[in-house]
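Each remark here refers to the structure printed beneath this line.
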C-alpha cells in the first residue's frame, strides 16, 4: 500500500475530531473518502500531511512511518494537496503559484497549461483576482506541478462549471490511467463513484464503512451520506 | 407582470482590458428564483459584488425597490434589504455561530449604537438568531466559534446570516458549494420555500439544484448575458450547452 | 550627622555616559573623604521625566532621603525639582540648569552646583566677540536648552550672524546644515549639540571639507564624547567652568584619583558631581541636615575645596564662577581639553534678578 | 456583565490594587501609595486604548497624543490658575479652573475633538498603515509640543498644586489614589458594558471581518470612529490624572515610546480582556520600580521577563490564568 | 542660494534616502514579506555598527569591520529567528510587537553590558575620506557618494531576488499562507531563517556605514527604525520598489524641509523666530507627508498587490 492510515485520532485543542480512522490507498489506485459535513474528512487529510498532529495511530507512506514529520518533509515524500477552499497564494501571479513549489517530473508548466488553458490566459494575473473556478484549477495545477506520488483532492470540483468539472473528472481519469494514485473527497457521488476503485466512509471521526463503490448500496448511501 | 424588485441596467465593469461585466441588464421579480449560471470567470461574483456594493461599476444603474442604489455603500444597501452570501465564507471567526447571526439580527433592527444593554441577555436578539440557526440545521452548533466549524457548516452559517437580515431580496453566491450530498438536497428544498419570503438571485454551479429551483435562468459568458429563459429553454440552448453545460443536461 | 542622599541620574540608554560620569565623580568624592555618614541611593531615570518623578517620590517617601541630586537633563530637572523642594527637601544640581529655576521659579532649597544653562554659551559668545569674529554661523537643537544656548551666545556676541539654525532634537545627520555652513561664508561656527548629536555633527563636518573653525560650549567637546569624535575635534575652542588641567590642588587630586579609580579621564559632568558631593560633605560636617535653616546656610556658604579653584553662590543659589575657553588637544593618543584663556571672571547668570531670594 | 472564568481573577486584581496603599501605609512604606496610583492611572490609560485596540483591532500607535493632551489640559489649566491669567480672551473670556472635574471635562472634550479629526483620516487605512498614520499624528503633536515655548517646550510644565476635587483633599496621596481608583473602576464598568453591548458586538465584528459587518448593513467606519473617539477620551482622562499625579506635564507623555508602552501594557495583561490593562500596568510598574532599584541593568531583565510572557503565556497574564476568551 | 548648494542638498537628500532604504529594505522583507512586525530591526543596525567599530578598532581595518558587521548582524538575526521569532509567525501582530520590543531592551542593555556606556569610535576608511568636486561647482563628500552606490546596488539585487527568483516566490507565498507552502513541500522554516538573517544583515550594513558618519552608541537604532517604518508605509508594505521610492522621498523631503522651511519663515517673521518655527515644522514634515499620502492612498504608493 502507498498510504496506510490506522487508528488515527486527532484533536483540535481539547476537542477530539477523529476517533480512529482507517484508510489506505494502493499504488495506482483512486480512493474516495466520503462522509457528511463535519465528519472529519478534511481533518484526516490534514493529519496525513502533518498540518495537524494526530495523537494516536499510525500513518505510513510507501511503508515509511510519517507521523510526527514536518509537513514539508511529508509533502516531499510525494504528496500533492489540493486543499479545501483552494488556498491559492493571492499575492503571487498564476504562473508564480504554479512554479513556486514545483518539483521535477512529468508535470510541467506546459502540461498544466494544456490541461487548463484558462490558466495560461490568466498567466500574469494575481491569484486573488481570479474567479473561484479559476482558483480551483490553479490549486490542482499547483499540486500537479509538485509531481506527487499521491494526489489528494479535497473538494476539488467545488464551484466549478459543469463543463470544467467534466474536464477535471476526465483529468482524474486520465491521471488514473497513467497510474497516478489519488485520494478524493467530493460530494458528487454520481461523478465520484465511477472513478473510484475503493471508498471509505467516515462518520463522527471514525471509518464506518469501506469497500468497492459498487457495494455502496443506496441504502448505505442513505444511512451514511443522506442520499 | 409585477414590478421587478431588483433591476440592473446596462452595467459595465472592466478590470484593465478585461470586460468582467459587459452591458448586463437583469431583473429579479417578486417570488422568483432567478439563477445566474455561467463558466468560471464569467463575471457572476463580480456582478453580485456590484449589486451588493462591494465594488463600483464603471457605468450602468442598479435599481432596488424602485430606487437607484448605485451611490450607496455596501452597508447602506444591506440596510435597504439586499441580503447576500459570499462564495468564500466570510464570517466573524471568533464569534460563535449564534453571535454571527445575532449581528445580522441587530443590524436588521438598525440598532448598533446602543452602548449598554448586554446582547447575550437580549432575547430580542438571541431568539430570532436561534430560530434561524434551527432553520439551516446549525442549532446544535450554535455556541461553537465560526473558526471551529467545518467547511460545510460555515457555508450554512453564511446562509443563516443572510436569512437573519430578513432581506427583501437574496443574493446567493454558490450556496451549494461545500454542502455534502445530503446538505445539497436539504438546501434545495429550503431555498424552494424561501422564495416566498423574498426573491433570490442564485449563482450556482450545481445544475441539479438550478434545474430544480430556477424560475428563470440567465447565462453569463465573458461578462455578457447570452441567454435568459426557463429551465427547458436553457437546457436546450446549444450555445449554453457548448459554453457551460457540456454533457450535463 | 548622617545624611541620606538620593541620586537620580541617567544610567541606561543613549544618555548613560553623562549620568555614569556624574555618579562616578560623586562617589569618588565620598570614598576619598572617608565619610561614612553619607549614604547614597542611586537610581536610573532612563532619561524619562515621569520615571524621574516616580523615583523622586520613592526616595522622599520610602527612602526618606534628605538631599536629592544627580539629574543631567533640564526636562527631568523641571519635573523633579519643584516638587522635591516643595516637600522641604534639598536639591543640588550636578548639571542641568534650566533658566526658570534660576529666575522666577528659584527656591531656597534648590542649589545649582554646576551652572545656569546659558553660562557656557554666553562665555563662547563673549569669546567670539572679543576675538573679533565678524561672521558667525550658530546651530542648536530646537528645544528650550537649545534656544537658551543660542540666546546666551547672542547676549554677548554682537557681530553678524550669517546663519541661525535649529535642528531636530536627536538628529544624527547634519549634511543639510553643513551644506548651509559651506555656503554661508562664516568665519566661525558655534554649535551646541551634546552627546551623540555632537559626535555625528563634528565627524560629518570634518569629512565635508568645509574647514571653517568650530567652537561650542564644553558639552559639545566634553571628555565623554571626544574619543568617539576623534581627531576631527582637534583645535576646537570650547567653554567650561572646569578643565582637567586647571591648576589647583583639589583638581590635581580629583583628576588623578578619578583615573586611578575608573581608568579614564573625568569629564565636566564628573567634576561638577565631585564638587556637589564635597559641598554636601562640607555642610554635613558643620551642621545637621535635620536643621534645614542651618544646613541651607552651610550649603550657601560653599566652604569646600572646589576643583574649579574658586566657587560661590549667587543670591539665586546658582554659581558665580570663572568660565574658561579650552582647546581640544591630543595628549599621547587621548584627546582632551586644555585651557587657553578665560572668558569670564566671576560670572553670574542673567536670571538672578528675577529670583525673589536675597 | 457575564460571569466568566475571568471574573474571579478580575476581582482579585481589583482587590489587590485597592489593598496596596492601605498595606503600604500600615507598613510605613508610603511610597507604595504613589506606586499604586501609578498603576491605576496607567491602567486607566491602557483601558482606553484597549477599547480601540482590543475590541476594535485598531492598533493605535498614537494614543500618547491623547494621553499627552490630557496631561497638558491639566498642566495648562493649572498654570493659568497659578498666574491668574484667563485661558482665552477672545472671542470670549474664559477663566481657568483647578477643579478636577473641570480639568477632566476639558481633557475629554479636547482629545475627543482631536480624535475625531485624527480618526476620520486614519480610519481610511487599516493594519500597519493605521499603526503608522496614528503614529504620524502623534509625532506631529509631539514635535509641536517640544518646540513651542509658551508651555515649556521640551522642559514640560510643572503643576504647582494638584487639581482639587470637591469635598476631598487631593494632596493627600491616599485620597488621590482613591479618586484615581474610583475613576478606573467606573471606566472598567463602562468598558464591560460597551463590550457586551450591541455597539461592542459590531465593534468586535469589525475587527474580525469588516466585509461581513458591512454585508449585514453596519458600516464599519462610524463604529470604529466612535470607538476611537471614546478610547481617546478615556486615555486623555488618564493623562490628566497622570499629570496631576506627577504634578508635571511633559512632551514625553506624547512620545512614541509612551504609545508603545501603552500597547505593551495591554498585550502583557491580555489584549481585549477587561482587566488586561490592569494586570499589565500592575506588573509593569512593579517590575520597573523593583528592578530599577536592584540593578542598573534592569531593562535587560525587564526584556527577558516580557519575552517570557509572550512566548509562554499566550493571551497575556490574564490568558495565562483564564485561558482563551469566549465570545458567547 | 547658489546652485552648488542646491546640488549638494539634493545629494544629501538622496544619500539620506539610500541609507534609510538599507534599513527599510530589510524591514519590508521581514515585515511585508514574512508578515512579522519586527521592532528589533533597529537593534541589528546597532549590532552592525558596534561590530564594525569593535573590529575596526582591534584590526585597524574598516573593511574587516564592515565584514564583521554583516556577519554579526546576520548571526544575531538568525539566532533571534531561531529562538524567538519562529514561534511568533502564527501569532497576532501584537504578540510580535511585545516580543520584539522586549528584544530591543535585551539588545540595548546587552550591548551596553559588553561595550560600556560611552560611544565607540569608528572612522571613515582613508580611501573614502574627504570630498570631491562635482560639476556645477559643488563639492561632495566621497563617503556619502559611496553610500549612495551601495544602496542602489542593494536595491537592484533585492528586487531581482524577490520578484524574479523562485526563492522570492516561495517567500511571498509563505507570507500569505505559511501552512500551504509547507504542505507543498517547501521548507519554509529554514527559508524564513535565511530571510530574517538577510534582513538583519542589511540593517547591520546600514548601521556600520552610518556608524562611521555618526556616533556608535546604544539606542542609535530606534530613531532610524521609526523612519524606516515611515518609509515602508509610504512606499507600500512588501514592495522593494516602494521602499526605495519611499526612502528617497523621505530623504529629500526631510533634507529640503530642514533647509528651506526656516528660510521661508525667516522671510516672514525674522531670522530667529523664523528659524525656530521653520525647524519645528521641518521636524514634523515627514509625518505630515506620510499622513497626507496615506489619507489619499491608504495602501501606500506601491501597494504590493491590491
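The letters A, B, C, D and E name the chains in turn, as written, and every chain counts its residues from 1.
Rule of thumb we're sticking to: a residue touches a chain if its C-beta (ideal position, glycine included) is under 8 Å from a C-beta of that chain, and two chains touch if they have at least 3 such contacts.
Labels paired with UniProt names: A, B = Branched-chain amino acid transport system ATP-binding protein; D, E = Branched-chain amino acid transport system permease protein.
Treat the numbers as computed from the prediction; the structure is a model and nothing was measured.
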{"item": "Contact-graph distance - origin subunit A, target subunit D", "value": "2"}
{"item": "Common touching chains of subunit C and subunit B", "value": "D"}
{"item": "Pair joined by more contacting C-beta pairs (A-E or A-B)", "value": "A-B"}
{"item": "Most widely separated chain from subunit D, with each centre as the mean of CA atoms", "value": "A"}
{"item": "Chain whose average C-alpha position is farthest from subunit B's own", "value": "C"}
{"item": "Inter-chain centre distance, subunit D versus subunit E - centres from mean C-alpha coordinates, in Å", "value": "31"}
{"item": "Between subunit C and subunit A, distance of the C-alpha-averaged centres to the nearest whole Å", "value": "74"}
{"item": "Whole-Å gap separating subunit C and subunit D, where each centre is the average of the chain's CA atoms", "value": "36"}
{"item": "Where subunit B and subunit D are represented by their mean Cα positions, the distance between them in whole Å", "value": "43"}
{"item": "Multi-partner residues of subunit E (at least 2 other chains)", "value": "108-109, 112, 276, 279-280, 283"}
{"item": "Subunit C: positions in contact with at least two other chains", "value": "11-13, 142, 147, 166, 168-169"}
{"item": "Sequence positions of subunit D contacting 2 or more other chains", "value": "143, 147, 149, 297, 299"}
{"item": "Category of the chain touch graph - line, ring, star, complete, other", "value": "other"}
{"item": "Pairwise chain contacts under the document criterion", "value": "A-B, A-E, B-D, C-D, C-E, D-E"}
{"item": "In the complex with subunit D, residue positions of subunit B that touch it", "value": "52-54, 73-79, 84, 86, 90-96, 98-100, 102-104, 106-108, 110-120, 122, 125, 143, 145, 161, 165"}
{"item": "Contact footprint of subunit C on subunit D as seen in their complex", "value": "29-35, 38, 143, 146-147, 149, 152-156, 158, 160, 173, 242, 246-248, 250-253, 257, 288-289, 292-293, 296-299"}
{"item": "Residue ranges of subunit C in contact with subunit E within the complex", "value": "11-14, 16-17, 20, 142, 147, 150, 161, 164-170, 172-173, 175-177, 179-180, 182-183, 195-196, 199-200, 203-204, 207-209, 224-225, 227-228, 230"}
{"item": "Footprint of subunit B on subunit D - complex, ascending", "value": "1-2, 193-194, 196-202, 204-205, 208-209, 211-220, 222-223, 226, 327-328"}
{"item": "Residues of subunit A touching subunit B in the complex", "value": "12, 15, 35-39, 42, 84-85, 118, 122, 129-134, 136-137, 155, 158-166, 187-189, 221, 225-227"}
